[in-house]
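Mind looking over this structure? Questions follow.
Chain naming follows the written order as A, B and C, and within any one chain the residues start at number 1.
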Amino acid sequence: MKSLSARQIAEMVKGEVLGNPEQTVERVSSLKDAGADCCSFVGNKKYEHLLAATAAGIVLICRDLADQPLNNRTFIVCQNCDLAFGKVIEYFAMPRPASPVGVHPSAVVHPGVKLGKNVSIGPCAVLEEGVEVGDDTVIGAGCYIGNDVKIGAGCRLWPNVTVNYRCIVGNKVILNSGVVIGCDGFGFLPTAEGIVKVSQTGIVQIDDDVEIGANSTVDRARFGKTWIKRNVKIDNLVMVAHNVVVGQSCILVAQCGIAGSAELEQGVIIAAQAGVNGHITVGAGTQLAGTSSLAKSCPPNSIMLGTPAEPQREFMSRYTTPKKVERLKEKVAELEKKIAELEKK
Amino acid sequence: MKSLSARQIAEMVKGEVLGNPEQTVERVSSLKDAGADCCSFVGNKKYEHLLAATAAGIVLICRDLADQPLNNRTFIVCQNCDLAFGKVIEYFAMPRPASPVGVHPSAVVHPGVKLGKNVSIGPCAVLEEGVEVGDDTVIGAGCYIGNDVKIGAGCRLWPNVTVNYRCIVGNKVILNSGVVIGCDGFGFLPTAEGIVKVSQTGIVQIDDDVEIGANSTVDRARFGKTWIKRNVKIDNLVMVAHNVVVGQSCILVAQCGIAGSAELEQGVIIAAQAGVNGHITVGAGTQLAGTSSLAKSCPPNSIMLGTPAEPQREFMSRYTTPKKVERLKEKVAELEKKIAELEKK
Amino acid sequence: MKSLSARQIAEMVKGEVLGNPEQTVERVSSLKDAGADCCSFVGNKKYEHLLAATAAGIVLICRDLADQPLNNRTFIVCQNCDLAFGKVIEYFAMPRPASPVGVHPSAVVHPGVKLGKNVSIGPCAVLEEGVEVGDDTVIGAGCYIGNDVKIGAGCRLWPNVTVNYRCIVGNKVILNSGVVIGCDGFGFLPTAEGIVKVSQTGIVQIDDDVEIGANSTVDRARFGKTWIKRNVKIDNLVMVAHNVVVGQSCILVAQCGIAGSAELEQGVIIAAQAGVNGHITVGAGTQLAGTSSLAKSCPPNSIMLGTPAEPQREFMSRYTTPKKVERLKEKVAELEKKIAELEKK
């Protein structure tokens, strides 16, 4: 059984012990479920009541909470509790199952495929002609890697990922199960002979350090590329349409969608279930609130809410309209009375 | 050719025949498309006009409709028409194709895997080391079952389901095609060195009698477990984030999403395309309307609508604001006239 | 290296050359990124500024832009620029990788399966008993085709598609990766003994010339069929529930959802992230705006916006309410002053 003392944890996270440095814990837990053998954490003063009630042996806390009574518990004051607790979590966590190096005999790998060192190709994975895979990359069971796809080093493709032909995946990219990269963009043109499919001849390029969540989809470009730049983090069930450019370090939360040819500059955050219209530019650092729909381009560092999305001030003005109307009704009723009195005279 | 008489159906569904008990039918149909050889149903007085027009030989009806003219048709009055009709549907339905017991030779099953009795493992399915599967469970073609996953008895995993390492699936669980269980939670922390991935070291636990719809995703916990409790029913393309707890008998309709660490108490209904914010508690029996976004915790049996979601009364007040404004404009115009007259005097 | 002269392009697209017919290009590009060796296009006067700035050697333009200065570039005036540019794109595009005719040795094809001419069955694909596949159809790696499924001629199923038992797929149908056809509909009935699953005994029928985007799902009917009619185009991550009828040439954009038993008549467009309620009829040619939710049936050619969706006029009236309230507040303040003056007298 692994264990850690408060002293050891404080060293690990560069924190300061309040209480008994020899207090030990054997696992992590939420404040609510914790016992004396547990390490827990609270990084925000608004959860003070949970800290008061917890039976955790050791609690990582932020500086604001350092004046709380210990009550037989030991506190460790940390700069960034969440990050610090992550280290404790990792210490106690079982390691991920290893991915055996080599090509599983049931995998179907075209003879011309170039594999780096320490590559792992899972059962029933399929790698077509012309594929290249960098060192230390893991391609899970049932993955499909289409013709001429290039995948960098240190990537992990979880089982049942699809990367269609000619797409390019950088280094240290994580693709969760069910992700589809390089499916056809949604392009149709009305003609005299009816709706005609528009060929989608481009690719998807995914740069280094990108993570994409389960069952998300990224369409190939009509021509050129759909481009997910470095360090972008995409959650589950997200839709990125053809020719979209997602700037460096953008965050796309679950079930949001980016329509065709939109460009997100660096550091944009699109919250859950939100949508971005096609052919617009979203300024760097912009935040779009959950379920909101951004119809038009916006300047850097915008905070946009609602459908269609508006800046915070306009949104709040709209949101508080019903209250304004109630107040206005009262005022009008007052005036009505006054007028009635004036009329009597 | 199968057939049923009205008498036989009445026995099957414990209903009462109005009309000819020897009338027979050979298939089921909607009221609109039905002919004399069809059994149909209408469980709601608002569809009275469809009942009037149908040519169905036999119609299962609710008590309220028992006074409608038969016109050569036979009615069967039922307590619960929908449930009763389900029995007739099942009688006439072709059985599902059988799943051959045993391990298909193309499946890749680690030698240490423990399989119960009458288990069926489909073609190209992959079961990693340490997996356990209960009696009578069917694992479809192309499914991936990660290391140390436990799956109970009487489950059905349709083709191309992914269950990642260490997750726990109870008894009589149905996972539709494309479901992903135990993908990484979406956790990143801003640090001085940039965004850092937070290890997702927990699991997903799915209790008995759960059904999950096609292409839905359930993230593994940061630590501990994401927990889908007994009898929960989840539709297609639903997102359940890390550390969420979905209480017993909750219903999550298509394309809804539950953000990290939210807790749904028992019997909550989240309608289609709705969203629940992270770290909040949704009281037992609460209903969240379609496309609504619940931002804050709410007490049991709340009915919440809109974005952000409000109780029905507040929502309706907001919704009717434009009408109130029109009335107010008229009133103000009136007062203006009166004032003008007063000023003249 | 492929190349085309302006003269050749004009012939290809039936356009008119303005400038040098011997100007040649070697690839396509967006206006912004183009160099002198590129062909680009602009089909809308609102992008006039991009045309002014582009360095593209050849630009396909619409008639409205024919008066713009050439500045060493060559223009080709086209009837439908988008369509015309598609032809140039296709000329320069690398062809799609060929799909080898025949059954890959790793595929699992039941001996009774009937395959047409020139069929391609990819690695690790699974075709169950009773399947029939028409001429020239490509079934990608890892696809699962359930018992008795019929697939027409000239179809393409991209890798990792699932079509469950007895569903029917017409000719020239495209199913992108991760699509699930024929998963169980979401049907449960409350009873005295708790929630009971309703058997889903019907099928999905997909008619000719349909395309369905990556990770979309189409549920099988409770009985009868869920029906996607001819020429319907469905984008990624779309949900079509049980017993829905999607009329000819409808367009369902990404992440929208259609609830059970809804009927979309011909030519309906459901924009991204929108939703259609169950058991309603959407009149032919209706357009539902992005993220809107249609609660009730609507007549043909409706344009509906908002949640719940309203006709454009009502939506705009609702949308402009905050402004009306501001004007009303000003008006009331004016009247108040006047009354105060009257009272003084």
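FYI, contacts are C-beta pairs under 8 Å (C-beta built on N, C-alpha and C of every residue); 3 or more make two chains touch, one makes a residue touch a chain.
If you're wondering where the values come from, they're calculated on a predicted model, not measured in any experiment.
Matching CA atoms, the turn from subunit A to subunit C amounts to 120°, rounded to the nearest 5.
At the subunit B-subunit C interface, residue numbers used by both copies make up under half of all numbers present, so the two copies contact each other through mostly different positions. Separation between the centroids of subunit B and subunit C, computed from CA atoms only, is 26 Å.
In subunit C, the positions touching at least two other chains are 106, 124, 142, 160, 178, 215, 237, 255, 273, 291, 321, 325, 328, 332, 335, 339, 342.
Residue ranges of subunit C in contact with subunit B, taken from their complex: 106, 108, 124, 126, 128-129, 142, 144, 146-148, 160, 162, 164-166, 178, 180, 183-184, 186, 188-189, 191, 194-199, 201, 215-217, 219, 222-224, 237, 239, 241, 255, 257, 259, 273, 275, 277, 291, 293, 307, 317-318, 321, 324-325, 328, 331-332, 335, 338-339, 342. Across the complex, subunit A meets subunit B through its residues 28-30, 33, 80, 82-83, 86, 89-90, 92-94, 96-97, 104, 106, 122-124, 140-142, 158-160, 174, 176-178, 211, 213-215, 231, 233, 235-237, 249, 251, 253-255, 272-273, 290-291, 321-322, 325, 328-329, 332, 335-336, 339, 342-343.
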